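Chain nomenclature is as follows: A, B, C and D, assigned in order of appearance, with residue numbering initiated at 1 for each chain independently.
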Amino acid sequence: MIFASDNWAGAHPKISEALGRAAGGFAPAYGNSPLDRRVEERFSEIFERDVAVFFVATGTAANALALTAVNLPGGVAFAQAEAHLVEDECGAPEYYTGGARVHRVPGRDGRLDPDELRRALEKYPDGSVHTGQPMAVSITQATEVGTVYAIEAIGEVASIAGPRGLPLHMDGARFANALVSLGAKPAEMSWKAGVDILSFGGTKNGCWCAEALVFFDPDRAKAMPYLRKRAAQLFSKSRFVAAQFEAYLADGLWLELAEHANEMANALADILSSAPGMRLAWRPEANEVFAVMPRAAVDRLQGAGARFYEWPWSEARRDEAEPDRVLCRFVTSFATTRQDLDEFARLAGA
Amino acid sequence: MIFASDNWAGAHPKISEALGRAAGGFAPAYGNSPLDRRVEERFSEIFERDVAVFFVATGTAANALALTAVNLPGGVAFAQAEAHLVEDECGAPEYYTGGARVHRVPGRDGRLDPDELRRALEKYPDGSVHTGQPMAVSITQATEVGTVYAIEAIGEVASIAGPRGLPLHMDGARFANALVSLGAKPAEMSWKAGVDILSFGGTKNGCWCAEALVFFDPDRAKAMPYLRKRAAQLFSKSRFVAAQFEAYLADGLWLELAEHANEMANALADILSSAPGMRLAWRPEANEVFAVMPRAAVDRLQGAGARFYEWPWSEARRDEAEPDRVLCRFVTSFATTRQDLDEFARLAGA
Amino acid sequence: MIFASDNWAGAHPKISEALGRAAGGFAPAYGNSPLDRRVEERFSEIFERDVAVFFVATGTAANALALTAVNLPGGVAFAQAEAHLVEDECGAPEYYTGGARVHRVPGRDGRLDPDELRRALEKYPDGSVHTGQPMAVSITQATEVGTVYAIEAIGEVASIAGPRGLPLHMDGARFANALVSLGAKPAEMSWKAGVDILSFGGTKNGCWCAEALVFFDPDRAKAMPYLRKRAAQLFSKSRFVAAQFEAYLADGLWLELAEHANEMANALADILSSAPGMRLAWRPEANEVFAVMPRAAVDRLQGAGARFYEWPWSEARRDEAEPDRVLCRFVTSFATTRQDLDEFARLAGA
Amino acid sequence: MIFASDNWAGAHPKISEALGRAAGGFAPAYGNSPLDRRVEERFSEIFERDVAVFFVATGTAANALALTAVNLPGGVAFAQAEAHLVEDECGAPEYYTGGARVHRVPGRDGRLDPDELRRALEKYPDGSVHTGQPMAVSITQATEVGTVYAIEAIGEVASIAGPRGLPLHMDGARFANALVSLGAKPAEMSWKAGVDILSFGGTKNGCWCAEALVFFDPDRAKAMPYLRKRAAQLFSKSRFVAAQFEAYLADGLWLELAEHANEMANALADILSSAPGMRLAWRPEANEVFAVMPRAAVDRLQGAGARFYEWPWSEARRDEAEPDRVLCRFVTSFATTRQDLDEFARLAGA
């Protein structure tokens, strides 16, 4: 009953086997092996256009380098107030960029509110040396609170960013979960909707360490080899990341694993919404479930071995908080099992 | 006949198996698993004192974070002119520190020359706001040119750094190779000789990705958890690094693999020194061999499939260069075989 | 009728004369002249304790260096959402610190709201490597919107910052204006109320270029000489700044000039509140007046040569905006004259 | 007898008067006054082409921003080993650029040696992600040791930088002294010789604070307004810098002052070369004189009130050092008088 985070899971057997196969023999280092090349091409296939792909060590690195690649002096990126790169990266985006700002844009349900984005951008008129320069908009798909942007919603954000000349970055640490949730194709949910740069995560969905930064316009990525190396993010034995991605993207494994995680989240949502005294905080659309629960139930479930985190109410929802109730986050993954859910349901009295 | 670099090798089967074992089940993320803890304790055992250990993605990250952890405003680190962190890290130390300088100190054979270090330090008198502040000395063990500092030589460097209040960092990307070369214990070749911070590398010696930053005085590492996370170097599934180190450090595997690599280097040195027209540039002490070779021989060997790099003559040795000869670097590893050497010997005419 | 900004004024004659006197002869450079020393001592007198003083080129530099001096890895400073260092410094604080974040805390009237500060701090629990580390709280006195913190209000902010170990910085670009507004002593409005570091501005109040960073605990300033030089903020002919401060602080000139500017602001507020169709947005407490005015009146006044800026409604007051009215800012200074006000009153029909 | 540095002098009376004149009235802040515009145009006249000009607070700021404006990820600038930006700026270039490296290129007499520059550049092959990217070459005119590059020598450096696509920066803290030494026109000694960016200093030559960064290709300066503001180098009352430059550049004042300083240096060189036991270390070409002197003479002269600094022998000249002699630096300026020299000559026994 581990619902603490999808990164508490290990690696899927097929990923593990791929790592084993990659272990033998010799190969050029620093991303120059034939396997690296092959996987880069695979990304182009999957996204239906030539893309530039850069493997990095962590999702935080992907996000931080994405902003670094497009930063300007006095640069300001715009992201929803609870985005991972705002709240959970210890200032890595600010540090990697040498001091860019991430402007927190309000928005309910983890999504950036388009009107608030317009309003935030007005604070930074073109040519104002005092306020600084907008340089990117970043959205998270699936969001940090388990919701998903509809394709049209991505397009709307892009339609605000575009006229200001701002590239649109997508933090896709849970890209696959959002993709299967929408039933969309990778191209539709990314560049066709206006996304310019994508942090493509495999780690939370069954790899042990497989994160890639994808540029849909390779020209924009010219400085990336230097940016990545300078940031100490270029693996010498890069082929091991490539091997994970090769297995991940083969035969739809990545979609299958995300599908499973999402299904588990849905089933868990059903349990939580029918358990006595509990309610869903909002409807899950990917692999995270947020529930409002009595303190006593939280204690009882955790005491029985269930692992999940209490969560702060966001600014936007603070008024919904109930004094004697606790907001809790549950995350499912490829490794979540029906048995886990059944046991949890039993304990929860659902 | 791959002698291009030790990072062209894959992973040793025992490392690979350890990765496989780590793949199952759930574990706390971000370095908080029991396995992470256990391996941290193992480091303390191996070094015979309580140490603080931080896993990172690359050796470059370890070096850059080591300097960041001890940096001062206007900070200057001192390293031998051909050190990896000077020549091969795309400015990562300067970038991570936000602009520290690495002062290139001359020295033959890849070792920092103590007198030159003293002279370099004189350029930075205490309290001079104009010159900046010395903040660390860094040495590489084994060096970039396959030589090794004797224990006493490390102590001599430490005896220069100490009175100026400078921590001594050791880039140990090939720590194991140096250790078996000297027949020394880890503690003797590190903190007992005056080393304060160690970049401990496993990747070049049979892991796929296992690098650790070791602080011999844990108090000095208080900011490290933030520095590492901010640098996007904190793995979520950190236990996979821990698993590699556990296997690496078990039953002396790490020493065994380094021993093998060094033996292969010695055997290769014998071949190169007896082949017609070739000579050793200097005597190898770890797993790298440098030879002076006729251009025709280089072409013939590479044409036959041998992989090795031509190398520039360092400043210090520039006058030894022979106009019609080429300096070449050969690196051996755990994966180098006798058969490879035999075939190479045959081709070289040795 | 120049009410555009207090930095549109030139230098007061006494400052100008002091600059002239300083021009002759020779003096040690880089802040080491007897005059520099004397003025540093004068600061200690004025603040009734030993302080460490550092002259810098701009108020932005003072603010940015204050945060740099106390920054931590993943550091977060807290400031009111419209503070100068948030809105008007092109990201200098983020840049100088190498990527610290300035967290915008809501608050009406330009003042940081204590409850909102408490709530903002809760988002950064101690020891969380993901969220980063709080490292300072910054307030502006007088604020950007012409209001002033009462001594007790400063103390309340300090009482929140203190238990979290956060130094309290005061941006005193208009320190003198606040001081005379409160009728307080410098010590009362700074360290006695809990302020640790002060950006002490003279430029807006009659100097041409005189900004100082004051540390009330000199031990905290040990790195400052290096931080200032590294930031290219150490004047070689520093004595010219010292000369300005000497004249500024002699015989109460600084208070006299601020008194005048505040009086002019009060008189201007009377005019604006009695002119047809206009109202004060809020009561001025220093040398800035904000008025809500009909567009036609704005056009007419500016057409007649009055200089003042339209101003955006802050987030906190957005709902007070009137669709057909404009918010305007008027700033007075030592150089504002009664004649200017009389002419403006006539034009405004007050 | 103050020969400690040209920045120990104050301001020339004409500069002082200009500051006084600028003190009255109101003017747009942040570089937008008519006077600022006028002086910018004056720079274009003097350099015989449209240039982009940016006033900053210090020469260090000018140098550091010049490199920042052209920096690349993993960027490396090349400068003579004793250049001011290498030895005397507390790492400001590295800090402002967020971690660029300044590669010390050997060279006698303060000048960058062209062959050594070629050799240094070879260490950074195009496209090598490991070594980093060359991004600029910087020369100092006049040099730190009182010598001057001939026009052809500047051209030779430019001819090496150009084919690698590297902009050529000139640190012209003593531009005027070099100009009158060569009898050249500003255009000849800058862009016509291949210089792309110039730090144009007025402070050492009679201003109190007047430094400008000049871009000969204004297109290259597009980001400069943001870079300057972000670096806290944009004066609010910028017109006071403009006023100094206006007077400085009017009626050849700047050349007259430099001419005087150079003459004084020449006369001082005559004294030092004829005094018993002393010799010139090398022939001065601008306003700095270096002499080799007996320790006793140094003590006697300083005891009698002469101010000058002992100087370290550079690496390049270390073998010329005489054990019982001291290398000393003497700097003259607009404020040096014949009487000073006569008295010094008398004391020196020349």
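Of note:
By our rule, contacts are C-beta pairs under 8 Å (C-beta built on N, C-alpha and C of every residue); 3 or more make two chains touch, one makes a residue touch a chain.
The model shown is predicted, which means the values in this text are computed figures rather than measured ones.
The chains touching chain A as well as chain B are C, D. Among the other chains, C has the CA centre that is most remote from the centre of chain B. For this pair, chain A with chain C, the centres built from the Cα atoms lie 41 Å apart. With centres defined as mean CA coordinates, chain D is found 34 Å away from chain C.
Chain B and chain C, compared by their mean Cα positions, are separated by 51 Å. Looking at chain B, residues 30, 73-74, 89-91, 95-96, 98-99, 129-130, 132, 226, 229-230, 234 sit in touch with two or more other chains. If touching chains are joined by edges, the resulting network of the protein chains shown connects every chain directly with every other. By the touch rule above, chain D contacts chain B in their complex via residues 73-76, 87-91, 94-102, 104, 122-123, 129-132, 312.
Residue ranges of chain B in contact with chain C, taken from their complex: 30, 72-74, 98-99, 129-130, 132-133, 223, 225-227, 229-230, 234.
Against chain B, in their complex, chain A makes its touches with residues 2, 4-5, 7-13, 15-16, 19-20, 22-30, 56-61, 64, 89-92, 95-96, 98, 203-204, 208-209, 226, 229-237, 239-240, 307, 335.
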